[in-house]
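Just so it is clear, A, B, C and D label the chains in written order, and each chain counts residues from 1 on its own.
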């Protein structure tokens, strides 16, 4: 193959298509295709959304959700052997005894710790444990914003209806109601703690809409929303001297004779030793599963998004929900290859960027719910063959970002999307001048451990918050509801676990009976597997190296 | 009897080092004492500025154990008055730097009481850091 | 039609496999030589530093986080071939180059002062109270030169000396707290901790508050929406879908 | 990020007023924090004299003290970077052919001026500094660093006298120079042993000048960080002598002298209970008073030792 010639970051051959985009641009400003009808939406989902396309899922053969559908990659992890041999773990020596154990240090876990502390649990009776560093979480990468219906023309009820509709009415209504009712309070809480949101001169929030969001209620901190929220909460957490363990993922939950969750087995990844935590309540806030690369999709998720939480909770008897759906974000980067899959926030589209095919034509309303938008991109690329091919063989859709400056004024892209502009600049592309290439990317775990309005699960002593939970978003989440979910349910789980502890919980003998049962069930269900889970981290080592690794130490 | 002054090679090395760092010909000093008489801080010093100069002339490293250079406020009174044209403030700075460059700080800014640090103006803290920390 | 769908998913899988399952040598045309902590490796030219380290066979635990330039875990310092300048970058956001010598900096040791943001006085003296080290800045600009986010770090440190909270907040807003500035600062200042404090101070005490959210919190507390919630939550899915569709059709756009 | 004004925004000059001669001006950290009255009063009196002091863009802390060893360059980078900004202002058209840089704080003046002198005498050092600051333009050496008092002297004390609306008649003021305006000689604005510039200014303002033999004696400077007792003794000596000579108050041009002479009176009184507090004022405050500017510009409420009872007694304040 001849050496590719590049012009301002793009291979020469793509420039022809960019010229078409530029040609149609003046006519497109302010003109959008109409939204799809509910029927059209359903049709396109069935046609080419990865969730609906056959071959990707199977029925769970064991556990509380036996009979439910789940993606193969998820089922593989749920129906696998534990990392530990239950009998080899010495439970008589407890390393940490605490009131509340929080597993996961993203927005949900951190919020939970703060609220547990606010509700009477002293800092030293809380323990937060984290697989990587505190703050290594999908929350950190949330760009778009946090929804809260606070404007006079909006109401929590409208927010409720949007969230239910976006989730195809499969969400748990009482859980959604708390989500939307707590939302303004969460924003005010963050402001109190010193988070800096985008505001106008009078101190009023600058708010935008999102896909499937009928009013402007997205509160953003440029495109570093999650980072600003999480670093503020983390700083507050550190000020309160709440104990924390980093690089110590939970690899199994512990239960007592009554089946209550009573702590966890942690694994210090750096020293290879296990630690036993005994706690009266446990909050699971482990996040999502992007790194499973379901159906081979690249992902926006951070390195540790490997579904550990549901895997260990499932063994302890926790019921999952909506395991069959996965959220693909319509606009992951498709070019250049170094950033494939990384998130290009939906806020780009709410700010005016339009998706276009290789002819520079619009083919979909830019702000359909995420699943519908993603499906239409896939259709355009692979069924209608109107995608733009990249040198590595991917196909993508143009996202016409130069429109943002044209609509909102010169300089507004740079002001509102510093992270995006910076990322493309690092690879030689100027997204203010040129469109960027996108393709759906694995983004969010819609379902998870079923929660109730208190953040409680079907197992006593086990609470959940954030992406690991199921029920809030039903089968599809709206933009700006994930950071919100993390904080609303992080706070709720923190608060209610504190109340639960204060009722005088007595933990019996620590045990791994549920893990032994899981092993028995695995065998009796006839599942053939050598896999051991939780997965903890993906492996991206080169194939040549992997072929020749030996384990000596 | 006049005692004999012996300069070992270590003494010479130290004299050279201070001379280089300060850029001053330390041996020019004829011990007239004008610097000591002009120094507003001399009351707080264990040795006077002219004694400090003498010790340096003799290459005596013990001068580094004295307080004098830390009490110096770099007011340059000695500088403008020295009849031999020596800049004593540069010699004091050289002595401070010899210690500071060995990572021996004279003050620990983190140990200044909070209420005092809130009172101090920026200018005091910045100059204190420059002169007393390496 | 059904067959076409399967085909689509297979094609998607095939197209993204390099970033999903690791690089396969047979697909690579261009290679570069790099030095990871002094050891030479040949890696595909099209990778980020992080992907190259993984390709070389390292399974990362430290020095790897979001893989998208937000979390600051993968701080890396390197020199290019023939260059004396020491560069700082995020491994996940920087392409490897032939002859690059690199090492990752997994952690920046720096104690964070403890404070209660709600109680602090919004005054310049508070910055020096918690961060007296700022007074040691010599304006050498090394921090700015080492910032992988291209922030004007020195300018915001200087803003701290001037007691300008807003200047710090704006100058440091995109800080990912990777610690490269603090690691390289000859005055041993911990810029990112100071900036975190100053941003919170500015957010809490220096900027105007939004009134709508305050009102709405009150309304919710008073139960203003309870009746409507009860009504909407009592509807069948079909009825709710109807309302939803109408609501979507009257949506605000830009 | 919201663009609204921060509380207590410090630029005190009303932009609606006519522009005079624009001269770059270096405030220094303390004038932006603990010595805001110095800046406020100076900018306003300058305007009364037809001068607009334009704050140097992106200025950084000068370092407050000059590094004195022969081999150290890094501590001269800060002041040279500031001087580069002055040259940048000219090339970017913010000002035209104006290479004067005015400082108010004695320490900033001293450091900026000595850095300029040093690199001018040592081109090799300048080259090294320019190399280290490779992201900036090279320093061409065009800047002339002035203390505000020098600028006033250039304007002419008779002109200043004409601007006076409320002569400070009967106010006995002892000028205090401290060290860094006068020493060493190459960076001095006046005779190191017998300076007169402040006396001339005060006379122009109509005040009665009280000579204090300690007017050039050090206040203890940065020793205030680690030995406040020693500094308090110096303050006691300087102020007691001023009082013996008949002064009502002392005036200074340095925020560190101000801190040591004024704030440290607390420590003086702990040691010497008989000591009566004495007001210490920036010379620009007295100028503002004499120019008939509003008391909010004079900022007397912000002086540690309140000068208002004294000023009322002298019929200079209501």
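Brief remarks on what is shown
Keep in mind that, in the parts below, a residue touches a chain if its C-beta (ideal position, glycine included) is under 8 Å from a C-beta of that chain, and two chains touch if they have at least 3 such contacts.
What you see is a predicted model, and the numbers here were worked out from it, not measured in a lab.
If you tally contacting C-beta pairs for each pair of chains, A-C comes out on top. The most centrally placed chain, judged by C-alpha centroids, is C. Look at the CA centroids: the one farthest from the centroid of subunit C belongs to B.
Averaged C-alpha coordinates put the centre of subunit A at 16 Å from the centre of subunit C. Centroids built from CA atoms put subunit D at 42 Å from subunit C. Distance between subunit B and subunit D, defined via averaged C-alpha coordinates, is recorded as 27 Å. Once the centre of each chain is set as its mean CA position, subunit B and subunit C turn out to be 47 Å apart. In subunit D, the residues touching two or more other chains are 1-2, 4, 29, 33-34, 61, 63, 75. The set of subunit A residues that touch two or more partner chains comprises 196, 199, 202-203, 222. Shared contact sites, meaning residues of subunit C that touch two or more other chains, fall at 124-125, 161, 163, 169, 173, 202, 205, 207-208. The part of subunit C that touches subunit B in the complex is made up of residues 124-126, 128-129, 132-133, 135-136, 161, 163. Contact residues of subunit B toward subunit C in the complex are 109-110, 112, 114, 117-120, 122, 125-126, 128-130, 133. Residues 1, 32, 35, 38, 47-48, 50, 53-56, 132-133, 135-136, 138, 140-141, 148-152, 155-158, 160-162, 164-165, 169, 173-174, 177, 181, 184-185, 187-188, 191-197, 199, 202-205, 209, 212-216, 221-222, 224, 226-228, 231-232, 235-236, 238-239, 241, 247, 269-270, 293, 295-298, 300, 302-304, 337-343, 350-352, 367, 378, 382-383, 392-395, 407, 418-419, 422-423, 426-427, 537, 539-546, 549 of subunit A are the ones touching subunit C in the complex. Taken in their complex, subunit D has these residues touching subunit C: 1-2, 4, 6-7, 29, 32-34, 58-61, 63, 74-75, 77-78, 81, 132-133, 135.
Residues 122, 124-125, 137-141, 144-145, 154-155, 158, 161-166, 169-170, 173, 186, 202, 205-208 of subunit C touch subunit D in their complex.
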